[in-house]
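Shared between the two complexes below is subunit A, which pairs with subunit B and subunit C, respectively.
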Partner chain A sequence: MAYSAEISRVNPTCFVFLVDQSASMNDPIGGDSPQRKADVVADAINRLLTELSVKCAKEEGVRDYFHVAVIGYGSSVGSAYAGALAGRDLVPLSEVADNPARVEERVKKVPDGAGGLVETTTRFPVWMDPVANAGTPMGRALQYAESIVSKWLVDHPGCFPPIVLNLTDGEATDGDPDGPASGIRAHASADGAALLFNLHVSAGDAEPVTFPDTDTTLPDAYSKTLFGMSSVLPTDMRSYAATQGFSVSDATRGFVYNADIASIVQFLDIGTRATDLR
Partner chain B sequence: MWAYVSTLSVPKDGATAEECEDASVVVPLIASDEPTDGPVSVAVADGASESLLARPWARVLVDSTVEAVRAKPEVLHSEAGFARVVLGAVDDWDTWLATYIAEREETARPIKWYEQPGLERGAYATLLAFHLTDVGLWHAAALGDSCLFQVRADSMLRAFPVDTAVALGTSPALLNSRNRDDELIASNAFVAGGDYQEGDQFFLGTDALAHWFLTEVEQEDCPWEVLRDLSAAGSVDEFAEWVATERAGGRMKNDDVTLVHVDLG
Partner chain C sequence: MSVRFPSGAAYVEALQNTALCFDDPELKGARVELDKLHRPRAISGNFASVFSVTAANGRRYAIKCFTREVSDQEVRYRAVSDHLAKLDHRWKVGFTYLPHGIMVEGRRYPILKMDWVEATSLTRWLDDHVNDSAAVARVAQRFAELVAELEHSGVAHGDLQHGNLLVVGDGSLRLVDYDGMYVPALAGAGAAELGHRNYQSPTRSQSDFDPTIDRFSAWVIYLSLVALAAEPALWQQLREDGGEYLLLAEDDFTDPMTSSRFSILLNHVSPDVRLLVGQVQALVAIPPTLLPELKPITIETPSTRHAFNQPTIMGLPAWMADHVADVEPVVERRFTRRGPGLIGATVLLAAVLVGMVVLGALALVGPAVAGGLAAFGGVLWCVGLAVSYVRGADAKAAREARVHRDNARQDQVVAKQELAVAARRADELADAAKRIAEDGRKRRQTVQATHGSELALVNQEHSRYLAMLATERTGTANQLRQELAQALLAAQAEHVRGKLERILIAESGIDGIGGKLVGNLRDAGIVTAADFSGVGFMVNGQFQNKIAQFHLTSGYSVRVPGIGEVKANRLEEWRREQERHARRSQPVTLPEGQMKVIEARFRAQLLQLGTAEQQAQATIQAKKTLLNQRLSHDLAALDLEQRALTAQASQDRSRHAPVLRKAEGGAERAGRRYEAAVREANGFRRITYPRYLVFAVVGR
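Entry: the complex of A and B
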């Protein structure tokens, strides 16, 4: 059965995050939040890298079940890591965990046990900073990811298939992204084809469309293109999505349209849910 | 009644023996080819890989449990008694953890930011405790899916606490190293007991072995025969080779595997 390979230190897999850094990412995300889209996406990626590190931490350090690339696309296409990892593409998770660019102290509100909230500080590791300028070279970014995936599979032919997660807020400015997207999905390990999941960040108040299994409810050609680029969710991820309250079918795709803050977090959580760690 | 006791354990494929998160202890400590004629106490624990410090937590659980059972075997007669044993292990864990954190500091390896959430959540493990009296009776208590099988006259007489392979496929109950809620522990625990006769065999195993065992039984095979032979041989290498074959054939999942065999033959 496809998408059932164990993920271990001798048989790791990889995540490639593609992050839109075009000028429109400066706009506020939809809904009640005044936050910039670029800030929300950077926070979500940084938080996910934190959670992955904690999940894979053992007494001797963080286990390299995953190698992770964070690629930005805007004025250029390339590594979005800051600090010691700047310029690198795939990085073993143990190195990611040991090399945040900095650790910020952030204030968060937690229940005070008496029905109210109290402010407390929490440590927030940061690997990538928000960037927003220039156009949306999504096609080049997808080709960049394809190159990473292709090289990875030469060395890891039996791995759980690589997962590419693309977070964007606009249409590609360098041509139809469908071809480069197909290029990623055409690569495969012995366990199945590489996965490409897409998320569109909202700037308005429209309801998010989460993990659809058809494009008939999508509003325009652009959203239908992103839907068409997205892989069907493998069984385990689909089951996990169902436990999170999403309505799923065999045709459910890894795609979210008009994502708000909550659905960005859910997208990253479900899209990186590879549970069979050994 | 003379009993021979042997223990075999192999880590999951891709891990070292030092990374095996199963733990077991047998008292009295005897070589597998030497018989004992007094009471025998056994504990088996399976540390949950997803948690930090699962291996030492499993070790503290079995050591603390067997010590409590040796002091007062009646603790295995009720879920409440078993819960009190676990609370003792949680106390022992606090001592162990304080020493561990101090050692990390002293050796210039302080706890990293990515370890802190795991330490705060605590470690998780299953626990199975077993006591063979010298008056023909046995008692056991369990929380989670580490299993005990009693075999008599070439037939499985008892499986505890899980008796079907499919029931082992679900998420097991686990003991958390910070759990001091004895009522909650008791409500998730099970106790069992029975008699034994000369020739009986008891097999205690963690979930991968238990799943294999029950599947074989459901296919009307006799899994105790191969385990008895492996136990009699007493070779960890031979056991590891057999486990590797079963894994490769898709008959056993890739997980740490522990077997304790108590042979009254």
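Entry: the complex of A and C
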């Protein structure tokens, strides 16, 4: 069965995050939030890296179940890590976990449980800063990810298939991204084809959509293109999405519109066999 | 509707303010252990993250925060808690289920508040202690006891594995993580999880939920521990560093016949372990509920295995010790009896001396003559006594004793040399035996390492090939999708064309398109809405107006006399409206038949890929089987050769043992004889010529 390979230190897999850093990312995201898209995306990446680190933390520290790249695309295409990891593509997760560029103290208003709000400070590790300039060379970025994935697969032909997660507002300026996207999905390990997921941050104020199985509810051509580029969720991930309350079908794709995508990390199984969840 | 649980990172964030996130009075404001980034340090599994929290009163807890829903979690924990309360087992770790224990982003979620255990997970413990065979054997035995306790009380843990088995400093075991635990009250509830993949029967399913669900993993863990106790080197040989298993993993269970780990274990040095391995290998085919209870064996360690009697090399054999005689007291010999000759000679000497003194004093002879005669008498006496001494029995005995002593010394030197030769030979034989054992171990390791790398290569190659097939499969599937999509597009276009063909311009009453223009259009080949696909305009430079051109479906563009920009646009708008209308009824899926035709074309390719995959599986099976057969064969041959060499070596040693013993006895005896001879000779210390002279005069 595909997508059932053990993710372990002996048999790790890779995660490639692609981050849109084009000028359009300066625009605010849709809905009530006044946040810039670039900030939303940078936060999402930093949260994803935190999520992965926590998920792989064991008693002796973070284990290298994954090797992770963060690739930005805007004025150029390349590593978006800041700080000690700057310039590097795939980095073992333990090294990622230990080396954020900095840890910010963020003040947040959170519910106090009694109907009110209370201010609290949390430490938030930052690996990547928001950037927004120039065009959107999404095609080139996807090709860059493809080269990382294909190189990884030469050394790890038996791994859980690599996962590429693209965070963008969808307006590619270097042609139709569908071709390069299918280029990524065409690579496979013995356990199945590489997975491409997309997070669409949009200025549109349509309802957020998480893991849809059709593009008919999507508001614009960009989101439809990104949906079309996204892989169908493998069976086990789909089951976990279902237990998390998402409605899923055989056609459910790894696509999210203006919503949280960090939950994708929770869908990954490490060690334990997937239960036959219905 | 299931509950969406917070992620691990969300808990890390919430736990940065324990005064806010906890309700429990003991936990409110408690101190959380932090990581390098000074954020709460998580230890995560697939279902939860655990944090170490120290309350103000100094008590430390492990707080388990759930990241995935477990069905009937509260009911399960309550049942487990109630049942465990009745048991008096050492492996237990206390816990309280708090259904609303933590608040994350304004919502409350359950937590498990567990007593903190200062302990190490089994794999980490083995990393540090695997060479302490006695300790490993103790842990194996304790594990068997723990399993027996669980069996006895009708409890099953559900996920026995290295991460849930903790070793405390005193070597006792603790069992943690009771999420999947079976207790009698939960009969029929179904398993909440299926356990770690490297510890489970390949056929275990969610419906298996009874007191037997631990049995497979119990055998696997126990086998690993006893195999390691007897042969610690297996820890390096059978595991990749960081592997999430002990000595056996999932692929060994799904395919035990091609498993090289099983092959190596089946050739284990201990016959008892070999038997156990055979049993475990057979368990793979048994339905989980019919698995037998764990039966512990007598555990061997390298020291108990090599404890057979080594020949004693140094020291007296025990039986000889009693036979060594006590040292006799030394008799000091003296001159005893003065014979008449001796007395006569001495009296004569005295008379001569006295006579000479008298004669000299009376001046009857010159003093020189007197002195000379006295001296002559003296010399004569001495010579006479010398002759008497030498011929006497005492001196003869003394001489003999001394000669005897010197001979004994010589004998002892020879005996010591012989012993040294024999001892050296014994050492050589012992070294040879050690070398044989060491060589055997090394050769065994080499065989296993070679096998390991060959297997890795085969696996790698296989994975590459499968990856290639998977790539092809993806490509084929993509092509299929594309073709289906294109076919659908074509079918839709055909549908639209069919509709438009039936809509005549002449009958549509388009504003301003009267009979003459309809005729002009017909002359240009445009009769229905299907006959053109759009209009374009050319700018006429001379008259500064736009000339309309109709794009025909044939690909040509034509001008139609009498139709200018306005009418052309109107026609185009009309055509688009007709098309929109036609689109509404267009097919959204391909007709079944057409879909089948296309799919059939690809099915052949996909089938071929499937066959290739199956063949690849068969090939790798065959390759692995071959490798395993060779490994087993090599190990068995090595074992045979090793046994012959060891037997030869121990035969050599036991043959040499009497030689050595004889040399030791000889040296011992020669030593004692020499000592006795020395004593004897020392007894004649006073039997010397000067003392004989004194004796002759004074009689003592």
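Going forward, the second predicted complex is superposed on the first by the 242 of 278 C-alpha atoms of A that agree within 3 Å, B and C clash if a C-alpha of one lies under 4 Å from a C-alpha of the other, contacts with A are read in each partner's own complex, and residues count from 1 in each chain.
Basically, contacts are C-beta pairs under 8 Å (C-beta built on N, C-alpha and C of every residue); 3 or more make two chains touch, one makes a residue touch a chain.
Since the model is a prediction, treat every value here as computed from it, not as a measurement.
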Subunit B versus subunit C as contact partner of A:165, first or second or both or neither: neither
Superposition-derived comparison: subunit B or subunit C, residues of subunit A touched: C
Touched partner set for A:201, first subunit B, second subunit C, both or neither: neither
Which of subunit B and subunit C A:226 touches, first, second, both or neither: neither
First (subunit B), second (subunit C), both or neither touched by A:59: both
Which superposed partner A:8 touches (first subunit B, second subunit C, both, neither): both
Touched partner set for A:192, first subunit B, second subunit C, both or neither: second
Subunit C-contacting residues of subunit A that also contact subunit B: 6, 8-10, 50, 54-55, 57-59, 98, 103, 123, 125
Interface residues, subunit B side, partner subunit A - complex: 12-15, 49-50, 52-53, 55, 112-115, 117-118, 254-255
Touching residues (chain side subunit A, partner subunit C) in the complex: 2, 6, 8-10, 47, 50-51, 54-60, 63, 98, 100, 103, 110-113, 118, 120-123, 125, 153, 157-158, 182, 185-193, 240, 242-245, 262-263, 265-266, 269-276
Subunit A-touching residues of subunit C, taken from the complex the two chains share: 1-5, 7-9, 11-13, 16-17, 20, 35-39, 41-47, 49, 67-69, 103, 105-106, 108, 121, 124, 159, 163, 191-198, 200, 205-206, 240-244, 250, 459-460, 462-467, 470-471, 473-475, 478
Residue ranges of subunit A in contact with subunit B within the complex: 6, 8-11, 50, 53-55, 57-59, 61-62, 97-98, 103, 123, 125, 277-278
